[in-house]
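The structure appears right after this line, and notes come after that.
The letters A, B, C and D name the chains in turn, as written, and every chain counts its residues from 1.
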Amino acid sequence: MKSAVVVFPGSNRERDVMKALGAVSGAAPVAVWHADTTLPDVDLVVLPGGFSYGDYLRSGAIAARAPIMAAVKAHVERGGLVIGICNGFQILTEAGLLPGALMRNAGLKFVCREVKLQVAATDTPFTRLYEQGQVLRCPVAHHDGNYFADADTLARLEGENRVAFRYAEGTNPNGSINDIAGILSENRRVLGMMPHPENLIEPLQGGLDGRPLFESLAAAA
Amino acid sequence: MIRNDVQITPALVAEHGLKPDEYQRILDLIGREPSLTELGIFSAMWNEHCSYKSSKKWLRTLPTTGPRVIQGPGENAGVVDIGDGLTVVFKMESHNHPSYIEPYQGAATGVGGILRDVFTMGARPVAALNALRFGAPDHPKTRHVVSGVVAGVGGYGNSFGVPTVGGEVNFDPHYNGNCLVNAMAVGLAPADGIFLSAASGVGMPIVYLGSKTGRDGIHGATMASAEFDEGSQEKRPTVQVGDPFAEKLLLEACLELMASGAVIAIQDMGAAGLTCSAVEMGAKGDLGVELDLDKVPCREEGMTAYEMMLSESQERMLMVLHPEHEEKAKAIFTKWGLDFAVIGYTTDTLRFVVRHHGDVMADLPIKELGDMAPEYDRPWVAPKTPAPVPAAEVPAPADLGQTILDIVGSPDQCSRRWVWEQYDHLIQGNTAIRPGGDAGVIRVEGTGKGLAMSVDVTPRYCRAEPKQGGRQAVAEAWRNITAVGATPLALTDNLNFGNPERPEIMGEFVGCIEGIGEAARALEFPIVSGNVSLYNETLGEAILPTPAIGGVGLLDDVDQAVTIAFKADDEVIVLVGG
Amino acid sequence: MKARVTVTLKNGVLDPQGKAIQGALGALGFSGVDSVRQGRVIDLDLAESDPAAARAKIAEMCEALLANTVIESYAIDIAG
Amino acid sequence: MKARVTVTLKNGVLDPQGKAIQGALGALGFSGVDSVRQGRVIDLDLAESDPAAARAKIAEMCEALLANTVIESYAIDIAG
């Protein structure tokens, strides 16, 4: 699988996700600079975690308008795969590639802890190696992860089974509506999620629960 | 506007924190009355923070060498060999007063400062720790200070992208008016890629990098600046605001520039910014320095030489570059969206010359600025050791179960999860032992090794018997590191005390240092960097003596790291030690 | 020309910060606070000197960046 | 009674957000933006119906919580 990781000024989990992709798929991803206007020929584009532009104005707002984003949109229109993790999810919503918005955590504090995630959809290139309803461990680390969408949008997301992950067992860390932790685009080829599966892929990190996501992707291309 | 030709009155001298005999020393050194800018420069170089004038004599007694030590105290951070061509680079630093005035920004910029110290050496920061001390939980100001400080530590480190893997939090009424925020940063650098601050070569460009200069944190001189600042309606706050985003860019740009071979010397602009960094680079390299302030990137209009020399604006660096690499260097900084300006040159005159609008605002002997700072052997008295309380006189608790609940529910013993969950402790993907154990452990990427780190001190022990307290702090750091399976390497310290001009406080300081030195020698646990913070007092009431010790250890196999949780039923529990 | 953009959450959008502020005010003993909503102001200094042109330009900036029109509305005030 | 509190950074205090927004506007092709400073608005709905009393109460809230007076100033507008 060929993949590219977009690096914005202030991205800080790009190395984490590159290591995860490299370790699982055996192919090192290409780093792409935000100021570039074209993407290399890849199957998957990753928008990594971090604080692009310091999270100033709104998380992901400035990055969503970076030059590279036109190429990312074109990649989506061609049916290419995109995953946005944490800040990447915020960028995807700000760019209009996913609906809704990520607001300040209900507790107002940054939160870094392990949560339980329920896999709510497995018919996707990202989650096919999980079982429907399976509950996994996964770390979160964010300040603005409180997913919000208006009632119509929410009804559509739920109706089209586009919620990929939900916080389970009372572990919703941020007040997200319907316990939403990750959502899919209409064609199910774009995933945005707040938790960090890339930080739970080897025994040193205390578990392997994030691994199947990258394995699913490696097999998808 | 602050004019440079104001009359230097005794009041102005005092306002700059200089004693009459210190001012006399300046007059003797330069043979004339200093200009205001020069007075500001002296006050910055000769204050306690930069000159260590009260502590130097005692710091010299500490063991600072060892077979693995590559760089001891005196640079931005200490450097220790960990094999595989790699070194660990670390230091701890305080930001106590700013954090009490503005908890969020004070703590944030404290973290920013220590991260900068580490990457200035050429290291990529891989872990952070913090030792925090607050007033009594029921003191009206405590809640505000605690929540601001913790959010500020997290706000900066999380955005910058370094995992915060350990620390400590204590409460005591002695910190009611003076909290302690000690931040430690740990980085990794190649053994052949360590950068130091001494300039070399005459006529080399001195380059200013990073964020623009504003009127942030122009201390000592707040009165002067309020008085001469005609234009502003409101009193200018002297609080520095941190910009972790700019710092992250500065990190990436500096590491890229260092890898390019362009850098001769580098120094971060910390306290007293441009003054301290420029003087140190020149003095250490036995060179003069000429600065042209017209070239300094400024955020505000009409800044005077005095203000530029004393500004503590954050996220700035000074470098001496190989002239043939200047264009390449500039391109790297432009790519990262940071300011880059050649603001001066090294000279062979051993003078520190500062020009602004074509006028010479300062012209001082550079070696003397650093080396001739006053040094004091302050009088001290050993504090009286309280008589031991005979165990028989301590009543046995009526209900042991309740006593356990009281202990684990007490502010000093309860879980710190609420603190470290506000810190990203997993970023970079190498965290092997998360906060909540004896020491944090991270993997050394690209090797199977691990680094263990812990910060420790028990201030009430230090108050009761300073020497024992000093020893105990070192021993506790040592124990926490060994408890996770690591071999202790070296330590950094942050010595927080009250007013050293009071003999009983100086006695605490001397006692703690003796204890630290003794334990460090006995354990072969050398001190490679550190920081002294004195005058932590409010209304004559000093904080508890708080020499925080930050220890670092090495695991040859990170997979062997041991955590504190019991692993299974029916296992034997063994108590070791005396 | 100076201008101020005020960005507020649309009606019906939950405001965690406003709610937290309301709670904190209550905890501090301030009673009778029926609702709290938080928003942003952005103060701009523009080279443009014609108020109508400035307003049009700022509206463009709001749509392009300053507001997230999925959840936020904006208002523009031109000084003087 | 409705009121709006506007909290802005004092003169000379670094505003990293404003700086980033200014940069982003430039990158999006908006020229002639000489300065950008960001602040907050807090919209309150109070049970109090006397404007003077409301203003006094809000000033207290600002000092106690709404503004960080070390680095921020505040202004109070009472609606109507």
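The rule is simple: a residue touches a chain if its C-beta (ideal position, glycine included) is under 8 Å from a C-beta of that chain, and two chains touch if they have at least 3 such contacts.
Molecules present, by chain and UniProt name: A = Phosphoribosylformylglycinamidine synthase subunit PurQ; C, D = Phosphoribosylformylglycinamidine synthase subunit PurS.
For clarity, every value in this text was computed on a predicted model and none was experimentally measured.
J.: Counting C-beta pairs in contact, which chain pair has more, A-D or B-D?
T.: Taking the two pairs in turn, the one with more contacts turns out to be B-D.
J.: Using CA atom averages as chain centres, what separation in Å is found between chain B and chain D?
T.: Going by mean C-alpha positions, chain B sits 33 Å from chain D.
J.: Calculate how many whole Å lie between the centre of chain C and the centre of chain D, each centre taken as the average of the chain's C-alpha atoms.
T.: Inter-chain centre distance comes to 9 Å.
J.: What is the distance in Å between the mean C-alpha positions of chain A and chain B?
T.: Using C-alpha averages as centres, the distance is 36 Å.
J.: Among the residues of chain A, which are close enough to touch at least two other chains?
T.: 53-54, 56-57, 61-62, 65
J.: I need the residues of chain B touching at least two other chains; which ones are they?
T.: Touching at least two other chains: 243, 245-246, 337.
J.: Quick check on chain C: which residues sit in contact with 2+ other chains?
T.: 64-66
J.: Let me know each pair of chains that touch one another.
T.: Chain-chain contacts present: A-B, A-C, A-D, B-D, C-D.
J.: If we count contacts the way the header does, which residues on chain C are in touch with chain D in the complex?
T.: Interface residues on the chain C side: 6, 8, 18, 21, 24-25, 28, 30-48, 57, 60-61, 64-66.
J.: What residues of chain A sit close enough to touch chain C in their complex?
T.: 57-58, 61-62, 65, 93-94, 99-101, 103-106, 108, 146, 148, 150, 175, 177
J.: Within the complex, which stretch of chain D touches chain A?
T.: 16-17, 20-21, 24, 27-28, 38
J.: Please name which positions on chain B make contact with chain D in the complex.
T.: Going through chain B, the ones touching chain D are 101-102, 104-105, 211, 214-216, 232, 234, 236-237, 239-243, 245-246, 299-300, 313-314, 337.
J.: Spell out the part of chain A that touches chain B in their complex, as residue ranges.
T.: Within the complex, chain A touches chain B at residues 9-10, 12-13, 15-16, 19-20, 50-51, 53-56, 109-113, 139, 141, 143, 196, 198-199, 203-206.
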